[in-house]
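Structures follow.
Paired with chain B in one complex and with chain C in the other, chain A is shared by the two complexes that follow.
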Partner chain A sequence: MRAWFQRRRKGASRADADAFALRLVAPALLIEFLFVFVPLAVGLYYSFHSVRFFQVGRFVGFDNYLSVLTSPAVLNSFAVTAVFAFGSLILTFVVGFALALHLERDGRVAVFMRAVVLVPYVISMLVGSLLLKWVLSQDSGVPQTVLGPLGIADFSVFADSSSAMAALIYNAVWRDAAFAMIMLLAGLKSIPLELYAAARVDGASPWYRFRRLTLPLLKTPMLITLVRLLMHFVNSLTFQLILTGGGPVNKTETVALRTFRLGFEDYALGRANALSFVVFLINVCMIVLLVKLFKPTEKLR
Partner chain B sequence: MSYKGRMIAAAALAAALVTAGQAAAQTTVTMWSFLDPAKNTPRERVLRELIEEFEKRNPTIKIRVEPQVWHQIANKFTIAASTRTAPDIAWINYPSLVLPFSADVAADLRQTAFGSWGAAEWDDYVTKAPFDAVTQNGRILAAPIMLLSNTLLYRKDMFASAGVTPNDVRTWDGLLVAAKKLTAQSAGGTTWGLGFPLSRDGASQPLAFVGIVDQQPRIFDDKCVPVLATPAGEKAIQMAANFITERATSREALAQTSDDSQELFIGGRQAITVGGTSRVASIQERAVFDRSQVGVLPWPSWTGEKPGPYILDGWTSVVWKGSPRQREAGAFVAFMAGAEAAAKWTVQGGQVPFRKSVLALPELAAPANAWMHEIAKGWGANATFPPPQCNVAALYSDLNVAVQKVARGDATPNAALKAVEAEGRERAN
Partner chain C sequence: MTDVRFSRVRKAFGPVAALAGLDLEIRSGEFVSLLGPSGSGKSTTLNLLAGLLDADSGDITIGGARVNDLSPDKRDIAMVFQNYALYPHMTVFENLAFPLRARGRAFDETQIKTKVEAAAESLGVAALLARYPKELSGGQQQRIALGRAMVRDPKVFLLDEPLSNLDARLRIRMRRDIKALHDRIKSTIVYVTHDQAEALTMSTRIAVFDQGHLQQYGTPNQIYHRPANMFVANFVGEREINFVNGAIAAKDGKANFVADGLTLNLADEKRWRNLRAGKAVLGIRTEAIKATRDDTGVSAIVEQVELVGPELVVYAAVRSAQLSCRADLNADLKPGDKVRLTFDPAHFHFFEPDGGVSLAGIEA
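The block that comes next holds the complex of A and B.
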């Protein structure tokens, strides 16, 4: 390393520098190639073949894509995913942002509360979902205690499609609001306090400071948080698989769960991979859309 | 080299040659199983003893077990077979046999495992169904090791309090009436008459499936597309939904897995539950009430003349078609499925027997084992397997969704079953 810097100082060629940089990132690239690009390529290959019961069959062109895109069950899963992903995204972001603003100061209570908020996030998704399933089940007694006084004691959260979806969104918000809080808190901490002090001197109200200072300066952390959360909610499987199993009557079966079932219950890996690539393209489009929405158009004055 | 040195070298060479000869003569058979003989549960102890005994009788064969997660064995075995790295033997449960059978990687065991079996050995089984299910075009593609099925478990004390007798639940209509009688409110919540799972959990064999098979034995067509939008199917789906709509079963059942449902029975919140025969002993052991109050009921039927059909499930051993050690693997499979091993699986391993010779063992005469006889009797009277070449687990999920739809009023039985057929058609194409 030292020798390289010495050579750089002596005016080593740009090509040498690039070769050295490539050697540094090569292990990471190799891992990425083996564990991301190779499976992606295999998946793409499968998506154009008939793969039944783990046996690769004949080339079928776009048949698998047509099959999944015309399947009523898959179309239902897209609708369910839209409700779950956007419902969870909005609520998680709002709750996470509120927590970040509330716990921004480094007081003893705020630090303690940050740790408390983080607890659901550090519990594994599987355990957290199982815990919530138990708490919300009719026989745990919790729903009865809450709903009993309202005269609706005999109510099953998971047998009703609306409440099952609400439980799913609640699970997502409960767990991932902490992630949003951390990301946005980091963004808030990076805003120089002098800007707020100057705004206060200029007579800016708290709302004005939030709107004209905080929000514009948080654009990048907000974008990263939204992209990360959206991808997580569109592609997550654990919440649905554990908490509702996609029920009742497939009303909480998201596209990730449908893909899993196509691959590992119907053993139709060709179709499952075709659906995965459709979702992959949708993911890319959504990221592009979000990046465009958050494109800085106005400079902070 | 001195004379002494030459002698030592010659002895060493001779020893090496002898050892090498022995090593070459010994064949190692690899087996994937969910049981780990290094561990100590009753079934794992039985497997360990069987391996020791087999190796003692066959000194040239060594059995090496590579324990696996139970629900991944069929997937991994089929994939490994396609890359020619499969083990010689794999334990595969009946619903997963669709994988090795469809991929045509299972060896025919007629000669290797069962070639030496005489008529007495075959007549020892209480039902031939386990073999019929794995026989395709005259080839026996798997050996049944353990059998299980779902059955109805009930609380004797709750039956007595409600004035219900086992005879009252011989028909599906009788079961509904009894379950309604047994449903009771208390300060601690509701105790439900009947518990059964209706979630999309492929492991949960639907109650409706038993009702359908009772009237219509043929479930799939030749292409494995379910044929269920029939009067028999509609009647069975409506029957299962009635338990929910008439409040004999908790509405929460729509989201429950078989584990969820059985936990409620263990906790004293159900009078009757659908449970696996492999779970009876553990349910009795973990029950929060007097374990002697747990009884087993035969499946109801539509007429009540004989028990409803027991849809069998269980564990089989499959030998890989590409294995160079098929003869040795077949010999061990025959040993694991033989009468001597069957006695061990039952007496020490707690499995329900399906051989007449095991049922006659004095160890099974104790009253605590009466349930085993009850189930074996039911298997002998009316047992069947869904065709293993079809995706039965996926059908179970779809049937549960059909019952959900009818119970919620989202669809008529006919429409719900037409959707099941459509799903099955899509799956088969």
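The block that comes next holds the complex of A and C.
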């Protein structure tokens, strides 16, 4: 980019060109600064101080971090998050991939079905989770209609820890499979059809074509989808807050919900921020891991 | 026996008939070009033969066996695509080995290595085996695509406009290379192109398509010199052919073509034996009309002059008609000049005014 500038503006010095470039990106940098770096810095500052009801107290070093990392509730929330995030990630990805492959052709039915699949994704997360909460409720929900004849009408989805987690994961898959589908569909569409025609003539079976063409050529879209889904599932709050409220007995309380409660129910903003930073670091590590996982055979892209 | 035969093959896309009853026979070892404008049915024909499309009716046979219901991989064919369709995430070696590896464990790795290297060697791309397609020039990619088709020794090669993405000069060189390749391996080749020059230079026979119909099937010589109808006459040839509306009439016991400001004697040729008097369209190519400053010939006025290397192409008006003709470089013609045109009767073609079918037999 800079080489282009220098060729275009021969008289201008390098410093002039840099100043001009800086002016161009300044608005974007300003927004980034105000809404990302400032909150991050404030959060980091809080995490090293004792904070009570928005009153910033004394510097406490790593006390907040030690406190959250030794708290049984927080450790429980990490375990819950791991189950929820990886369960949702795998199922969402598989379902989204299957949908993308199934609805790839631009038939009238396929286009209509894509729209249907997108409905849970385009309605607000809050509304979606509230709807599911009603659908699964003990008094008037679907489970009673199905389970009633079996004599277990008093079963409550949200009172059992496994079924509550299942409901939570179901909520996530139901909503975000559409996102995975759209991302992977875009990737599939970018693979030229001639490659598949060539492979068919070359004698490749459907499975061989999928393994040797589709998967390697979708590597980048798959990576982007996985990273975005993972971040979303680790950080999302709405599912747990609305659908299960973290219950029963905190068995579905994820880190995001724990952080929210530390900050806005216990007003322990110092510890909440410390926990946020721990999650932030874990997220970074997971992204690096995923990128590494996808990198080795990707020699050229 | 690797001849290819289409009998009464039809294919429609919705209401559009892409191919309306094709009968075509390609002999073993022939190089046949399917020539036509876009939407003429030539690519449909190739895809039907490859098995990438299914025929609505009719039979397609390869080497005597009906292949309509066989999937592409069971037809023992290889195909080269217009944009090469090289697998971008594989090296040249892996691309060339793909057809060998895709069929399960038919070949072991040493066999694959030998075959791939032999194919690469014969196309002069042995040094590129470790590269990726995007690191190659268009011409090199083209060769790899050919190599991938060759590596399996298929019965029939299908080439779908393989040269159209190359620049003009390289295209002319690749024509010769492909022809030499055909002379060497002697496989049956079916070659789709919209470039009449490619078809004329490489083929043993050409099938000309228009609007889903086979218009003419013959040797390049027949196609060029004895076009079956006005479409073929106009589509084949470097520039548009001249069409002149007029009539065939007898005068002094000799046949003449008469049009506005134009009376042409027909040479006493065998092909005119069955010609009847009546309305006709004369088709004559640029190179069969010469514009000079002589005193004999049809008078005309120069309207435009083009330099085409060794000679000039002159657009000259004869009354209401405009004819393209050739002239010597040193004739130094300018728009507005008066010239005389001489016609070569050996290159006359006559067509019916309605329908455009040739009035004389198309045998040479």
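Quick note on the criterion: the second predicted complex is superposed on the first by the 274 of 301 C-alpha atoms of A that agree within 3 Å, B and C clash if a C-alpha of one lies under 4 Å from a C-alpha of the other, contacts with A are read in each partner's own complex, and residues count from 1 in each chain.
We take it that a residue touches a chain if its C-beta (ideal position, glycine included) is under 8 Å from a C-beta of that chain, and two chains touch if they have at least 3 such contacts.
Keep in mind that this is a model prediction, so the values were computed, not measured.
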item: Combined model on chain A where chain B meets chain C, clash or fit; value: fit
item: Partner chain in contact with A:R52 - chain B first, chain C second, else both or neither; value: first
item: Partner chain in contact with A:A159 - chain B first, chain C second, else both or neither; value: first
item: First (chain B), second (chain C), both or neither touched by A:E265; value: first
item: Touching partner for A:G245 - first (chain B), second (chain C), both, neither; value: first
item: Chain B versus chain C, judged by how many residues of chain A each one touches; value: B
item: CA minimum distance (chain B, chain C), superposed complexes, angstrom; value: 52
item: Footprint of chain B on chain A - complex, ascending; value: 52-55, 67, 71, 73, 137-139, 141, 144, 154, 156, 158-159, 164, 244-250, 264-268
item: Chain A contact footprint on chain C (complex, rising order); value: 50-52, 71-73, 77-79, 81-83, 85, 87-89, 98-99, 102-103, 132, 134, 148, 152, 158
item: Chain C partner contacts - residues on chain A that touch it in the complex; value: 192, 194-195, 197-205, 208, 212-213, 216-217, 219, 299-300
item: Residues of chain B defined as touching chain A within the complex; value: 75, 78-79, 82, 98-99, 102-103, 189-190, 199-202, 250-255, 257, 260, 264, 267, 269, 391, 393-394, 397, 401, 404-405, 408, 410, 423, 426-427, 429
